[in-house]
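Going by the order they are written in, the chains are A, B, C, D and E; count residues from 1 in each one.
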Amino acid sequence: MKVYNNKDWAQFVFMVSKSDTIRKLAPLILIIFVYSLGVTYLEIHYFKVTADSWVRNLPQMHSLLSFVISMLLVFRTNTAYDRWWEGRKLWGQLVNNSRNFAIKIAGMVDTQDEENRRFFSRAIPIYAFALKDHLQSKATEYSLHDGEIKGLPTKLSPELHVPNQIAKGLFSRINHLYGERKITGDQLIVLNGEVSALTDICGACERIKNTPIPYSYSSFIKKFIMLYTLTLPIGYAYMLGYFAAPIVAFVFYVLASLELIAEEIEEPFGDDENDLPMEKLSKNIQRHVGEILD
Amino acid sequence: MKVYNNKDWAQFVFMVSKSDTIRKLAPLILIIFVYSLGVTYLEIHYFKVTADSWVRNLPQMHSLLSFVISMLLVFRTNTAYDRWWEGRKLWGQLVNNSRNFAIKIAGMVDTQDEENRRFFSRAIPIYAFALKDHLQSKATEYSLHDGEIKGLPTKLSPELHVPNQIAKGLFSRINHLYGERKITGDQLIVLNGEVSALTDICGACERIKNTPIPYSYSSFIKKFIMLYTLTLPIGYAYMLGYFAAPIVAFVFYVLASLELIAEEIEEPFGDDENDLPMEKLSKNIQRHVGEILD
Amino acid sequence: MKVYNNKDWAQFVFMVSKSDTIRKLAPLILIIFVYSLGVTYLEIHYFKVTADSWVRNLPQMHSLLSFVISMLLVFRTNTAYDRWWEGRKLWGQLVNNSRNFAIKIAGMVDTQDEENRRFFSRAIPIYAFALKDHLQSKATEYSLHDGEIKGLPTKLSPELHVPNQIAKGLFSRINHLYGERKITGDQLIVLNGEVSALTDICGACERIKNTPIPYSYSSFIKKFIMLYTLTLPIGYAYMLGYFAAPIVAFVFYVLASLELIAEEIEEPFGDDENDLPMEKLSKNIQRHVGEILD
Amino acid sequence: MKVYNNKDWAQFVFMVSKSDTIRKLAPLILIIFVYSLGVTYLEIHYFKVTADSWVRNLPQMHSLLSFVISMLLVFRTNTAYDRWWEGRKLWGQLVNNSRNFAIKIAGMVDTQDEENRRFFSRAIPIYAFALKDHLQSKATEYSLHDGEIKGLPTKLSPELHVPNQIAKGLFSRINHLYGERKITGDQLIVLNGEVSALTDICGACERIKNTPIPYSYSSFIKKFIMLYTLTLPIGYAYMLGYFAAPIVAFVFYVLASLELIAEEIEEPFGDDENDLPMEKLSKNIQRHVGEILD
Amino acid sequence: MKVYNNKDWAQFVFMVSKSDTIRKLAPLILIIFVYSLGVTYLEIHYFKVTADSWVRNLPQMHSLLSFVISMLLVFRTNTAYDRWWEGRKLWGQLVNNSRNFAIKIAGMVDTQDEENRRFFSRAIPIYAFALKDHLQSKATEYSLHDGEIKGLPTKLSPELHVPNQIAKGLFSRINHLYGERKITGDQLIVLNGEVSALTDICGACERIKNTPIPYSYSSFIKKFIMLYTLTLPIGYAYMLGYFAAPIVAFVFYVLASLELIAEEIEEPFGDDENDLPMEKLSKNIQRHVGEILD
């Protein structure tokens, strides 16, 4: 995630950052530009379009459809942002949960019981790291992290579902404490909620990751943008001459940018500039849980 | 559900996939096209419309109403997408729930108690398969799945509500464990939440399935689109000549596509390309629960 | 509620069903039509409006305000639909709740304890029927339903709040079971949530029923539609001649339909075509609870 | 709150009720009307504006900005309505809560224990009345209501936070019952949720009451409406002559009405026509709790 | 937060308060104004633009894109407002929670147990103050507040996460009470929810604070506004002459204001006029908790 000073307009307007849509769209914008020049040339020099030609009135269709296309793009923007923000909320809950879990363990488990306290102090943050890797689908070596942790499966099998295995380890340990009467049944209920919340967060993140917006919308919006832009110079050439080319290119830049940003945002678990800082959040969890339990 | 590479614009724009609206709408688009040609012919050669005719100003009405129609379609799109996404969330919860359920059983039930562990290891995923079949209304043979499971009614009567019977079987078994003092009252409360969640998910899916958007909206939007498109060539013929036909056809394609996609999306429990991958999710549940309990 | 085949466009477009807005609006549309003819006649033959008259430019105001009116109508549509969908969700929860309640009773109450099982098997569905009648404000005879049920007040006083009395009866019985040690304290907590949920659903339905959208909005939207439509022919008569009449009538049909549908939808507890199938849902509850408990 | 028959359009369109925005805006509308006449007079007789004057094209700006202003007003409308509806939901929850509380007390407390039953039968509805008065900031005498209630502070100090004191009294009594072993620990947990819910509702109502929409939006929208309306006649005078005056006044009426209604709605705890019927709801609570506990 | 009388339009329209966007935008508006004058001068006196020039038709592009820009700004406005309102809700929950916590402690802890009552009476409000300072990132001296509180870490290390340390202190004390059998297990569960809620609120506030809207949107909207405004005078100069300058400046004022207000609102934890009154809310918590526990 890119941190930025929201107030500095000059920076936003004149700097073209690495993630700017204009970079990614540059080739397509150029093609549209050249295509528009071509259309204009044909209309002026070849077809010799005159004032009574039908193309004069084509822009009427474009303004008729401009509402539909704007609204579709805003629908797309809203949907993508909602997914991104839901992802952020889920990781926020993960932070909360991990802290609450640690605070409760700190209060319930005897301060002498070094072993159990260390177990949770290490196992809770591992969950966040495992989830991050799981969502980025790396076969990661977090199982090496901090040496082996007794109570978690010695080697987390990476071909299995890793966060689940950690959750299972956490719950078993809690249940074990209950079996040993180190915590009471009331405390069991309290702690149980924390472990469930972890797997709920994991499942919700998976849902966002593996369910893109329905294919039909994604396909229709792209088709619509292209057809809309490609018919635009036909009507504009008459009105604007060769200047139609930069204008059509600009309209395409605006429409395609919105679709492009939406595509980036709606998948918040990568490591682009717009993606969630899961690495940092995991480290925060590690630090906070450490502060509380060590 | 169709998995796709969101970034490949060329594929989206130039390929016409099986589920594309343009295929389904082709006959209607053709009719509109021919109708527009007919209207144009009549206006030009029969009525000989002149510059002072009233039809010159008809497009004013269309642009006046273009906001209303755009907004209605976006309302439709939002509603349909919300239903689809709610369906996806519910199945995501089913995954979470099944995992949590298994994790808790794994922690609570004695590791020696092979019988009970196997019961839950099989009965939990069955719920997901049963729900899938229930939502797709097939008289399915999942009761044969994996042989008979002791503790579930020997033969799930397909004419009864199958998911309910499984939930009843699950809850009875839990209560039985409590009666045998294999789990405590505190653990009972913990497990109880899981079973309730299953039937809540089932009920919510049924609600989405059996309650379409109110008839009045569905009917009004279709009427409105048709009346809007059919009056469009009357005004456009004067301005655009025979080229009015492709333009009217294109406007119709855009408006009708949105309605058509909405219709597909709002019912997420079929087995179209846009529908939820319930089969796959059920298998995931089976695999995860297996990993945890076996 | 009307069940319909969403895919059959022809049916939607050419059939005018009983609940179609065009039927209800027919008289008003006719009045608007005649009024527009009158305005046009006056402008053409009496005032002899010419090209430099100010009325030529009146449509500018209408297009300026067309955004506001469209957005207001969509706000109205969204609000009404949200109320309708919330009503549907509440009844969905009622179904879930009743099932969960029954499943738990089935697990907790001894299978020999015929009396208690029958009590709940009958009393739970009664709640749904009572709520339906309560929401439709009929002084109904459901108290006769299935003879007297021991444990519910012999005669539910219809002048009192009936669903409350049933909930009170259910809760008393549960508490009684707890007093007799037939269920434990842990089970009491589990069952208690179910009864609370019933009254929460009842209260939420009452809220939807007795709180229409604020008077100011309802009144303003209607005033705005009428003023907008009545000034429309003044500007259109010049441009469109006598054809202004059908066009103004069509614009009015569109705007008023949206308001009319919203009015119907926002009150989902009647027995119109668009209203919720509470009778059917109640019968489903009865059937499912029966399957589980009998 | 005004109860009204939604279906009677004539009433809405031709009657000007006391709370109609047209009454409150009348002076401002008149000023705008006279101002527009003045601008028109100046343009026609003093500046003698001709067809090539720039003012001819000013309306272009107004139509460019008409989207922005419409959308801002809809944002305003949505926000205000959401606050109003949230207020309504909170009071709905208060009704539910009070009923649930009473139902549970009725089941748990011995039917012989007149004293405790009477305490709750009186103290629960008092909370609703106190909240109403608290939200309307009256130094009220509800402490006199129904004589002194033993167990509540003899005189509720009005300078303190009254609803809090009642909640404290309720919780103390419940805890007292638990101390006297009249209710079990399980029942304590059940009842505890009810008291918490009461203070949560109180806090949420306070939040709505004491947090208006951010000053910047409120100020910007009003400035925008005025600047928009005041520049409107400059461009319209050329096109519409003296008829610009009623048209500008009408546009102002529409825009200002939306802002005005939003202002009224967003503060739902007064005693205007659009405000919530808290008095009535409190009386309903009193009646229902009475039915259940007496 | 600025408290204001919503009804006084004159104040809003004619007074320019300190936080008004017009002040902050004044330099930029001036630049745009001068730039527009320059463009107009060039077009009229240098390029001598004539009626058949293409620039005559440039405004067509601006009206085509006016929907997109309006909708983007409303998306921005909605998003910012949602963040602000979520922040407000979280602090409202903090108030509720603190009260509920105090009410429960008041009921559970023996009235003689001065020490514990004083501990909670002081420690609960400290949490709110600490959260405020934490969110405003001041290295504050609240640890000095009210002298040392036994049971909280003697000196809250400001370099650690302060609210977490207080929550840990609160939970330890509760668990201690449970260990000493001063509260039962049932009461532990009740109190536990309150402490969890505190850290959940803290985490959610942190999420809002440290996650701005994705960089891509923020950057794209600013670029779009600037490009849109800077090309506007090119088309308007022909139509409006030198009067294009104030009009372009006004359009820029409207668009940039919306972006500017959104920027201020979306970060609700500063101490601007639009920010949340956290200081005041914390003092309220202190007063209410004091009323309840002292």
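Miscellaneous remarks
The rule is short, and it goes like this: contacts are C-beta pairs under 8 Å (C-beta built on N, C-alpha and C of every residue); 3 or more make two chains touch, one makes a residue touch a chain.
Going by UniProt, the chains are A, B, C, D, E = Bestrophin.
Computed from a predicted structure; not experimentally measured.
Listing every chain that touches chain A (Bestrophin) and chain D (Bestrophin) alike gives E. Common partners of chain B (Bestrophin) and chain D (Bestrophin), by the touch rule above, are C.
In the CA-based superposition of chain C (Bestrophin) onto chain E (Bestrophin), the rotation angle is 145 degrees, rounded to steps of 5.
With each centre defined as the average position of its C-alpha atoms, the distance from chain A (Bestrophin) to chain E (Bestrophin) rounds to 23 Å.
Within chain C (Bestrophin), contacts with two or more other chains are made by residues 63, 67, 70-71, 74, 185-186, 189.
Across the complex, chain A (Bestrophin) is touched by residues 28, 54, 57-58, 60-61, 63-65, 67-68, 70-72, 74-75, 79, 160-161, 164-165, 167-168, 171-172, 174-175, 185-186, 188-189, 192, 195-196, 199-200, 202-204, 206-207, 211-220, 222-224, 226-227, 263, 267 of chain E (Bestrophin). The part of chain E (Bestrophin) that touches chain D (Bestrophin) in the complex is made up of residues 1-4, 6-7, 9, 12-13, 17, 19-21, 59, 62-63, 66-67, 70-71, 73-74, 77-78, 81, 84, 88-89, 92-93, 95-96, 99-100, 103-104, 106-108, 184-187, 189-190, 236, 239-241, 243-244, 247, 250-251, 254-255, 257-258, 261, 264-265, 273-274, 288, 291-292.
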